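Contents: one structure, followed by commentary.
In this document, chain identifiers A, B, C, D, E and F correspond to the written order of the chains, with residue numbering beginning at 1 in each.
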Amino acid sequence: MYALEVRDHIMIAHSLPGEAFGPAQKMHGATFVVDAAFYAETLGPNDIVLDIGLAMDGLKRILAELNYQNLDGLAAFKTQRSTTEVLCKYIFDKLAEEIASGRLGEDARAVSKIRVLLNESHVARAWYEAAI
Amino acid sequence: MYALEVRDHIMIAHSLPGEAFGPAQKMHGATFVVDAAFYAETLGPNDIVLDIGLAMDGLKRILAELNYQNLDGLAAFKTQRSTTEVLCKYIFDKLAEEIASGRLGEDARAVSKIRVLLNESHVARAWYEAAI
Amino acid sequence: MYALEVRDHIMIAHSLPGEAFGPAQKMHGATFVVDAAFYAETLGPNDIVLDIGLAMDGLKRILAELNYQNLDGLAAFKTQRSTTEVLCKYIFDKLAEEIASGRLGEDARAVSKIRVLLNESHVARAWYEAAI
Amino acid sequence: MYALEVRDHIMIAHSLPGEAFGPAQKMHGATFVVDAAFYAETLGPNDIVLDIGLAMDGLKRILAELNYQNLDGLAAFKTQRSTTEVLCKYIFDKLAEEIASGRLGEDARAVSKIRVLLNESHVARAWYEAAI
Amino acid sequence: MYALEVRDHIMIAHSLPGEAFGPAQKMHGATFVVDAAFYAETLGPNDIVLDIGLAMDGLKRILAELNYQNLDGLAAFKTQRSTTEVLCKYIFDKLAEEIASGRLGEDARAVSKIRVLLNESHVARAWYEAAI
Amino acid sequence: MYALEVRDHIMIAHSLPGEAFGPAQKMHGATFVVDAAFYAETLGPNDIVLDIGLAMDGLKRILAELNYQNLDGLAAFKTQRSTTEVLCKYIFDKLAEEIASGRLGEDARAVSKIRVLLNESHVARAWYEAAI
């Protein structure tokens, strides 16, 4: 299995309702350094998993919807908290759509799995990975 | 698959008997920066894999038994060397016990896999991962 | 010149008023990974700049006032924006007070300079350093 | 599953022919920081996946063929571009040969999977992983 | 003294003539992860050293001249080798011009020192720092 | 001012006598990832601060005396504890001797300052820097 991974980041505010979240119930925030990995069993005629420029652009497009936002105000996080885990899945779904739409290029048609990893500090991170 | 990973560290002395270990047969030591990852197929009602505070506390509890120790004197390493690989498995087993005991909280009941990774320098690391 | 540096982090929300800040004028947030360095010309009888445990405790005490907060609501940031640069200086001043109070121990009396560095993402950081 | 990973690096020139590569069609170059991971289901009598010294030597032996080279001139990259993905596979194959030859030692006979990961910058990396 | 530092990178080919350079005399290449730090004694009315967006744009503008190039063909490196040290100074000079021209904004007028640091691998880096 | 920095590491055991050191009074150990920086005001005819290969060899030669040792048994640490700060100064002095002896090459004659930084974990490091 081959993989290509690119990195970008967002800076957001949010709150996490529920006793389980202790002080994180209050409005606070995070820098999430986002690693998006694309997996493919084989390489196409360009000898790559997908075009790295298109991968970075696609990730940036998705993150632009989140960057400098208070996530509490976004529709996507009305029915679920914007935990790091949920954000991973949210970005994963959007990346899968990018590939399906063709916006990540023809090579990306061979991508069979995605992993989205969010680094939230030097001591904690979360990720979501699945076949697409 | 979702995952949450937390980081802590220990500073230990040990020796590794056997010709294969060359200069490491002598008493020396290491800082191990420990990454413990918890995997779950789905998120529970709190939208998390497990409580990050409980995860960090649990890891610290396990590492407290090792930190600032000469591992050669510990019962756990009488029948096997305290190689990086063996230490990964040792911490893995202890984390699985933490989850089974309920000390990592109710959310953690859904954890189906653990990975314990020990960074021993900027050029070497080892890990153990398995279903629990 | 000797130096000892310790690391901790905070996760905060804030907004940065003024046209110059573009999208950062809105409520957003950041993880700041904080590096606090203590400098001394000579080492005392303990062969250290200062006690690393006391240094970490002192830094944590200061960061506890900021962690999981919306900085817009804190008195310290009513007359100046909570930019990364301003936060560095704020933590610097608090660390200088910690040393002056003796809470960082006797060894710390020899500290003659402090640097506070805030990593705000994998591509940006700021710091403040000065003699005390 | 156990794993041991070691790190080294190469500094190479190359060009990537084909419109898809935009400015990378020209002669340019890269530092690749190479992480080679060796996986084994069980540990042998030495309580290790393989000898870390032999692993580092084996990786260095392979990288020596590439380091300080213009990859465009090497036979291995006449029929395929020297993309990061292709380089991962190239090094993977060579590491598998090292194990098969016995040069990585007897413990390494238990290695059942290899992953070769090339970090090409602070924002991009690629890898190849497979059973051997 | 305050400082703000931003990061970007370039991927270049070059050769380093002269016996002292051993295998680096041949055409090879590097990824340079570039850290540009701007220092100021005081903060202006915006509570920042300079606008981080303008700093990143300015650095990118300078790096665009080098990125994906064979440095051996550039006029700037005809009279001196493109060693890491020389590249640091080259980028330093260009950043000083950016500030003098006003392209990094009014806040940047207070910048009194710059440091340009090039990370060339996980085990080596070089920098140039001076007052401007 | 120019600087060149190289990285290597050691894995040692030691104990730190004295109440101030709490649990570190016991035999324990550390991996120290060592960064040695060499500063020079100007570059010589080779356009470098010093030969990077000679710098790495010199650092390795010094670290070889410490690596895989129990520092409690070494003469150098009979009259002072082997704290991180003291180790920085020890390596600094040895590097200054390397330069004075000519073993780091002719270019290194221009080196006017050295900094030795020891990373002891992901949250702590110390350094010593001075003119030579």
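Observations on the structure shown:
Criterion: a contact is a pair of C-beta atoms (placed from the backbone, for glycine too) under 8 Å apart; a residue touches a chain by one contact, two chains touch by 3 or more.
Model, not experiment: these values are computed from the prediction.
Note on connectivity: the fewest steps through touching chains from subunit A to subunit E is 2.
The best fit of Cα atoms from subunit A onto subunit B calls for a rotation angle of 120°, in steps of 5. At the interface between subunit A and subunit D, two copies of one sequence, fewer than half of the residue numbers in use appear on both sides, so the contact is built from largely different positions.
Rounded to whole angstrom, the centroid-to-centroid distance between subunit B and subunit E, based on C-alpha atoms, equals 41 Å.
Look at where the CA atoms of subunit C average out and do the same for subunit E: the two points lie 27 Å apart.
Subunit D and subunit F have centres, each the mean of its CA atoms, that are 31 Å apart. Shown for subunit D are the residues in touch with two or more other chains, namely 7, 122-123.
Those residues of subunit C whose C-beta lies close enough to touch subunit A in the complex are 7, 9, 11-14, 23-24, 26-33, 67-70, 120-123.
Residue ranges of subunit C in contact with subunit F, taken from their complex: 1-8, 43, 46-49, 51-53, 56, 107. Subunit B makes touch with subunit D in their complex at residues 18, 20-22, 80-81, 83-86, 88-89, 122-130.
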